[in-house]
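One structure, pasted below without further comment.
Here the chain labels run A, B, C and D in written order, and each chain numbers its own residues starting at 1.
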Amino acid sequence: MAGNSFGQFFKLTSFGESHGKAVGGVIEGVMPGLELDMDFIQGELNRRRPGQSAITTPRDEKDKVELLSGVLDGKATGTPIGFVIWNADQRSKDYGNIQDVYRPSHADYTYQSKYGIRDHRGGGRSSARETIARVVAGAIAKLILKKYGVEIAAYTSQVGGIKLEKSYQELDLTKIESNIVRCPDEEVADKMIEYIDQVRRDKDSVGGVITCVVKNAPIGLGEPVFDKFHAQMGKAMLGINAVKGFEYGLGFKATELKGSQHNDEFYMDGDQIRTKTNRSGGVQGGITNGEDVYMNVAFKPIATILKEQNTVNKQGEEIVSTVKGRHDPCVLPRAVPIVEAMAAMVMVDMIYLNKMYS
Amino acid sequence: MAGNSFGQFFKLTSFGESHGKAVGGVIEGVMPGLELDMDFIQGELNRRRPGQSAITTPRDEKDKVELLSGVLDGKATGTPIGFVIWNADQRSKDYGNIQDVYRPSHADYTYQSKYGIRDHRGGGRSSARETIARVVAGAIAKLILKKYGVEIAAYTSQVGGIKLEKSYQELDLTKIESNIVRCPDEEVADKMIEYIDQVRRDKDSVGGVITCVVKNAPIGLGEPVFDKFHAQMGKAMLGINAVKGFEYGLGFKATELKGSQHNDEFYMDGDQIRTKTNRSGGVQGGITNGEDVYMNVAFKPIATILKEQNTVNKQGEEIVSTVKGRHDPCVLPRAVPIVEAMAAMVMVDMIYLNKMYS
Amino acid sequence: MAGNSFGQFFKLTSFGESHGKAVGGVIEGVMPGLELDMDFIQGELNRRRPGQSAITTPRDEKDKVELLSGVLDGKATGTPIGFVIWNADQRSKDYGNIQDVYRPSHADYTYQSKYGIRDHRGGGRSSARETIARVVAGAIAKLILKKYGVEIAAYTSQVGGIKLEKSYQELDLTKIESNIVRCPDEEVADKMIEYIDQVRRDKDSVGGVITCVVKNAPIGLGEPVFDKFHAQMGKAMLGINAVKGFEYGLGFKATELKGSQHNDEFYMDGDQIRTKTNRSGGVQGGITNGEDVYMNVAFKPIATILKEQNTVNKQGEEIVSTVKGRHDPCVLPRAVPIVEAMAAMVMVDMIYLNKMYS
Amino acid sequence: MAGNSFGQFFKLTSFGESHGKAVGGVIEGVMPGLELDMDFIQGELNRRRPGQSAITTPRDEKDKVELLSGVLDGKATGTPIGFVIWNADQRSKDYGNIQDVYRPSHADYTYQSKYGIRDHRGGGRSSARETIARVVAGAIAKLILKKYGVEIAAYTSQVGGIKLEKSYQELDLTKIESNIVRCPDEEVADKMIEYIDQVRRDKDSVGGVITCVVKNAPIGLGEPVFDKFHAQMGKAMLGINAVKGFEYGLGFKATELKGSQHNDEFYMDGDQIRTKTNRSGGVQGGITNGEDVYMNVAFKPIATILKEQNTVNKQGEEIVSTVKGRHDPCVLPRAVPIVEAMAAMVMVDMIYLNKMYS
């Protein structure tokens, strides 16, 4: 299997399955001398953790991160940071009955086809548990971004058909953590929570959209041909489990506009060149222009539902499958920190690359 | 500047600006012995070429490709293929008046900020002329894909508010080239053409959507963590000029569905495991499952319009800018072969990588 | 810090300092289904371990490897293998007196200059303890090579001025492990051991040469321009601590010969094309030709000696330094498995890449 | 074929065979604003050119470089520089008789085995003509290094058994170009020239050693685990045609010394930490320490000799082969600028990477 690393200079290489001994990884490119605020890092993990609310899976995985290297007296030495999170609550028995079943829209069949073997215990590498490593690396990336004044905030902007119509400018982003669905508009959040709860009772799942905003992005990030800022950001987001689409700025809505409606005119804000509008989402020609970056990430309803479904097994028999176990009916609340983590890693990586032009 | 290469094993490294001597590149990873059908390669370039119809820019750039290496008696030797396309019709005078102007929503300002210097003659590397190299590499990738039976077809499915409502299964994809807007539905195509013509007369531009379909994709392509099939495909598409969004399968529409509505149930088609529906777009867990891959690519209206716009110049003065020159009011018809080229390159790259598991 | 990964397809990413909690890494590219013979892997670690003989450092580090992922029922699943080796016996006190001292020919000064911070406890990443991760990855690479019939054997061919004059063809390579210096000629081995013991008593250190032989290398490995077989092998060996030179085939001796003396004439060995001589060391034009690969790796005497030396400290004062602690007078016996590990990793990586041409 | 790129940030991707239309490449990572001194670049190519003296092959290839992109008004724009050198004097007839012959110690057999096809006209990619692209990129790298005050000088220090015994400190490196063999000691140079001439008359070839010195290397270059300074430099040198070995500092001679004889003691040179001796060759722990870097590159006698040799052909018949054509009896004088070019590229690449720590 290839593709277990993300980033070029700030780089995460991750390992681990949901039912092995541990998940973890190696983080390269942490600035020597950076204070590694363990409370912050663990706090980010807690935001991703299952069992944190009534609408997420009741597995209480704890997920305590342990740094194994690259640290001296609480500061990064610049050498790679190896880390592990032990898999305390494995309960692989729960998955025993699905060992030979190809669950609809799961990775079971494609893994088996590609590798000729698969870890049936909870999905192996396709398990969302793999994203723990991303949150650890993303938390450290956020600590680096603080030095540059860059802020990243993501929130749930849609669950099923329930859409937050307000733009990010109209919202108070400090309220994201004030409810369990991580939507900063209390009224919409209540509807989302109610809907997710209904879906859970129906033994079903539901998709949605996460919006991510990057404020104070330095001007000049991104490489303007194949590695455009948004191409790298898009790849990062499309690499998260269950993501089906990515857009930035006006995104798909821009397709209906004329140039005269979409172009962002420049003006002078004192000595600073700015744009009057920001339909471009902070990126022009693949390079950041200093305005806010904003983007949407589309999540499908996760494949695991507790309803009966028709499917086939490894023996090529058509069967009816029922999945047991504990599963999130809606992955979005817990995916918010993952989206932020990916954005943070991309930002740090590009900031590093940009130093070469200075 | 980094990021001028695309692909890992089938790899294009491109160079060239719109007003330098030539654009071109180096293609690595071409199978030894492959017949290099020059008529096909040139034909693909002709599809991208300006001046091919009433609705594209009247520059007649010819764009004859010349292979400089890697070929012996019409066959690839396996060594890198260097190629150039000379910039015959440069007319850099047309751009003289905009040397110091930051055109709204263009790459002028971000390039200047990042590099401290920019090639004002036609946009430098941000010029769509750079995509010539992609079409050459994509054409060779298509020749390789023929050996694997893989077919790629893209078409214009939306221009401004005019949307082709039919799915790709309801269309005759052999009709894509039957009209100048490259929409396989004649009736919708006529509306699109009429609309683009109106926009052109208004000195404006318009965006839209290109849909791309990959048939007969081998099972097992894609690396399931950071380098998921669709993450790599998404990065490829987001790297095309003017792209604002990417989705595959049901994409953003999937966000409104429940798992029971979105999941693709498996069944046995003779000896072959297939899915009854294909909402997943041929990808599950980041790996192709053998069903058709389909995806949408969102293009904004291109920034260059012939209307007056408010902007600033390098001296920090607020000015009114008018652009002259020859420009496409709608980039989509000519972007169709570019979308196909990127898809073809991704496919070959992943097929190569997959050989390591055989 | 960059450069903690080795290999492209069979890839090790390592972490860990001598005095952190653990050293370890992530291994990607292990074939699904491979039996992970833990006794063999641990056995390779034991060959590298300090304290194994009278002429190596008496630290008994044990170095038990623990695999954290990528394994199911004793077989590789193909997913990345995370592993750790805990640092049981740290005794960082021993190094306390050298915290501010730049030890001559050590990495102290260059680390401090590059990173502005350094882990003084035993050398940080420059510690030979980092090589544990290489031996683990190399052991798994050897398990893969067994499937291809490839055999790798390294041995100590020189210690100080004591040189093994016999070529590898004249030696019985099964005797490498029969003595503590890992020289397959008993008589020469005895001299080496005696000399190392003398050097140890003199509180000094001594260098030497390790010869490495690869038998049954498949024909066609290596990429003939920048990534020639021997260029990749050379980089691998030069990346081992204390290495000052690399040569393959006749190496530096070839410089004195004429073409008519150095060329290897081809002949037919039944149906097989072979060379009568093998001065080329199994590589022609950067690609393996099926003959044995052989190469020499030059090790300097390690910098840590227990004698007094003149040096300076961080404060810029000229001082006399004395190092305490437990150190190998000659690194070569323990470096033999490291040389083999690097060679094994390179071989597997190239075999994988070559599959793309099949 | 993979492996046609060298460098990570300052990167050359090369293409071209000796008998195709052209050789050339793409250079990425040139600083925006750099003056591209074409006389200097062409001058470097002239140093590599055949036919420049009585002891090199009489082909007069001219080798005029043409830059196709990345330049505006004589300055680099920062975008990739595409370049070509046309193959004017191809005369492929000369090689007609060897189409099916596997020349001893040539790449013919290994290419055919690996790719199943080969360009018999002059060796294809294994032709030394490929190195033209390296010299172009190296010349631009040298222009960048001038801004950092870094100087690189290589010279022929051995031809066959004739060795220049003086160290680089004892030589006047400004005299390298004063004779056709590029040895800065006139007396030794005369012997080398006489010997090469004798070898040429004997229809034979001869090997030798090139020494390369880097002065004013910044402190802190190199990544101390797998990508040590000397590991990257070694890979660069081992990637040059006909190279069989690499050493830096005392190299293989260091193997005979004790630590107390080899260690470089630090002292204060005013405010600057320096080493009294420089046996390490300017590198400690894989990182440059600010002292001069020096290294030796071993070249075998080139395989092409005009004498009769026993060999086999593609049909598996044992034959006697005679090669015609024009060939260098000793590759070293023309390889001097290639060694310098590789060293320059490595230096720029590492200087760029190091900016990330600033």
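Heads up, the rule we're going with is that contacts are C-beta pairs under 8 Å (C-beta built on N, C-alpha and C of every residue); 3 or more make two chains touch, one makes a residue touch a chain.
Composition by chain, UniProt nomenclature: A, B, C, D = Chorismate synthase.
A quick note: this is a predicted structure, and the numbers were derived from the prediction, not measured.
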From subunit A, the most remote chain by mean C-alpha position: D
Which of B-C and B-D has more C-beta pairs touching across its chains: B-D
Rounded Å distance, subunit C centre to subunit D centre (Cα mean): 27
Separation of mean Cα positions, subunit C and subunit B [Å, integer]: 46
Whole-Å gap between the CA centroids of subunit B and subunit D: 39
Junction residues of subunit A, two or more chains touched: 1-2, 4-5, 9, 14, 29, 32, 78, 115-116, 125, 357
Contact footprint of subunit A on subunit C as seen in their complex: 1-2, 4-5, 9, 13-17, 20-26, 28-29, 32-33, 66-72, 75, 77-82, 84, 115-119, 121, 124-125
Residues on subunit C engaged by subunit D in the complex (per definition of touch): 1-6, 14, 102, 104-111, 113-116, 125-126, 130, 158, 160-161, 199, 202, 204-209, 219-220, 223-228, 230-232, 234-236, 238-239, 244-252, 254-268, 271, 273, 275-276, 279-281, 284-290, 296, 298-305, 307, 309-312, 316-318, 353-354, 357
Footprint of subunit D on subunit A - complex, ascending: 9, 29, 32, 78, 352, 355-358
